[in-house]
Amino acid sequence: MGTISVAGEKIETDENGYLNNVADWNDEVASTMAKKDHCELTPAHWEVIHFLREYYEEYEIAPAVRVLTKAIGKRLGRDKGNSKYLYELFPYGPAKQACRYAGLPKPTGCV
Amino acid sequence: MATKKKIMIVNRKAPHGTIYAFESLEMALITAAFDQDVTLAFLDDGVYQLVKNQDTRPIETKNFTRAYRALPDYEIEKIYVERESLNARGLTPADLAVAVEVLDADTLAQRIMQQDVVFSA
Amino acid sequence: MKFTVLVNEGPYTHQASDTAFHFTKAALEKGHHVLRVFFYHDGVLNATALSVPPRDDRDVVKRWSTLAQQYQLDLVACIAAAERRGILDSEDAKRHGLEMDNLAPRFRISGLGQLVEAAIQADRVVVFGD
Amino acid sequence: MAMLYTVNKSPLERNALESCLRHATVGTAILLIEDGVYGAMAQTAFTPALEQALQKLHIYALKPDIEARGIQDKILPGIALVDYGGFVDLVAQHSPVMAWL
């Protein structure tokens, strides 16, 4: 259990820093989480984060890393659908870190 | 783990009335992460799991059935639906939310026999 | 021969848990190796330490624990299914800020991956459910 | 290797046994357990289907479950009874094993 402060408001997270409620998310939430990790969000980061939001809206699923890589390759282009590109953006693990910034639950398929 | 096994997950139960369909789907997604040769089979009331336009908002449950459409991203490509079960329920492949292979009961029986492991719920 | 057993139902409501127990016991007595008994769906309720059956009936939970002790049997409840249904080990409870845990002795809680892994290693997988 | 199906539902309540028989190829073994043993009874509405199935399949029923239900004198001839040890042997002798739940 935890909270993060975004624009003066407290938002609940679980023990791993994932939002308790997907609907609490906005761009500011992602930026705040990233800042805590000393990570500056570039347009390339936002592309993945927004991709995950859309993916979740479509499938109600937080994709595991292999799945995320494959899905991004299919939808955003081969040059982005590889783990090197995604790990450079999200060094703590593309699925876990990006899903967290996107306000999604922990990825399904984390074993 | 180098061993690759043929693992089939058999779905014979309708969604929503019980949790089996939802948790079987979770099982399928995890199994796929282990690089196994995964097959999903839908027969009897299990074919209802794949029906499109399911909207669970009125019953306030998570709409896990949307995730069936993400199965190709999990590299689960063998999704079999039994023809006799579809027919008995007045359904056709056009009523389903995902691309499936429709097999008759005899062919499905052969595919079951070829498995190393069969999970059911 | 190496067996993996999957139990999909909780104790008492369905016979599945009884049959799974008698099957597992018979397999062990015949000298087979049971790699793991995995509890999924309501099967995770077999792992509650808070079950108190009347004294003139079998104690399903305790019976599993005893068998596990006798044969070094690995009893694993699926974490996702267990958390949903209120079965928690002490670590899990702490992580979620809950004041109590209720995992019965000799059971452990882990991911579904433990089922898949045991299925890959086993010669046979047998499912008990409803 | 021939495969083993287990069925644990009464055929008069659910279609598990009927569906199982529809998919069982020649030589397949079927073990009736729990409420599935009601499917082993003679003179039920389901008996004709079972008699027909017996011509191409090996059908077993779990004796402890039959006795628990008091139907030990009403079992259709041709069905072999096994105890839990026999269940284990059947699993060891067949692959894969599938439960029609």
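In order of appearance the chains are A, B, C and D, and numbering begins at 1 in each one.
Going forward, a contact is a pair of C-beta atoms (placed from the backbone, for glycine too) under 8 Å apart; a residue touches a chain by one contact, two chains touch by 3 or more.
Values in this document were obtained by computation on a predicted structure and should not be read as measured data.
Set side by side, A-B and C-D show the greater C-beta contact count at C-D. When every chain is represented by the mean of its C-alpha atoms, the one lying closest to the mean of all protein C-alpha atoms is B.
Using the mean of the Cα atoms as each chain's centre, the chain most removed from chain D is A.
If you average the CA atoms of chain A and of chain B, the two centres end up 28 Å from each other. Chain centres here are Cα averages; for chain B and chain D they lie 26 Å apart.
Between chain A and chain D, the centres computed from C-alpha atoms are 50 Å apart.
Residues of chain D found to touch two or more other chains are 95-99, 101. The residues of chain B that reach two or more other chains are 26, 30, 33-34, 117-118, 120-121, listed in rising order.
Annotation for chain A: residues 111 touch two or more other chains. Residues 10, 12-13, 43-44, 84, 105, 108-110, 112-113, 115-118, 120-121 of chain B touch chain D in their complex.
The touching residues of chain A, counted against chain B in their complex, run 55, 58-61, 63-64, 66-67, 70-71, 74, 108-109, 111. Here chain C touches chain A in the complex through residues 95-97, 111-113, 116, going by the rule given at the top. On the chain B side of its complex with chain C, the touching residues are 1, 3, 5, 7, 19-20, 23, 26-27, 30-31, 33-34, 36, 117-121. On the side of chain B, the complex with chain A involves touching residues 26, 29-30, 32-34, 62-64, 66-67, 69-70, 73-75.
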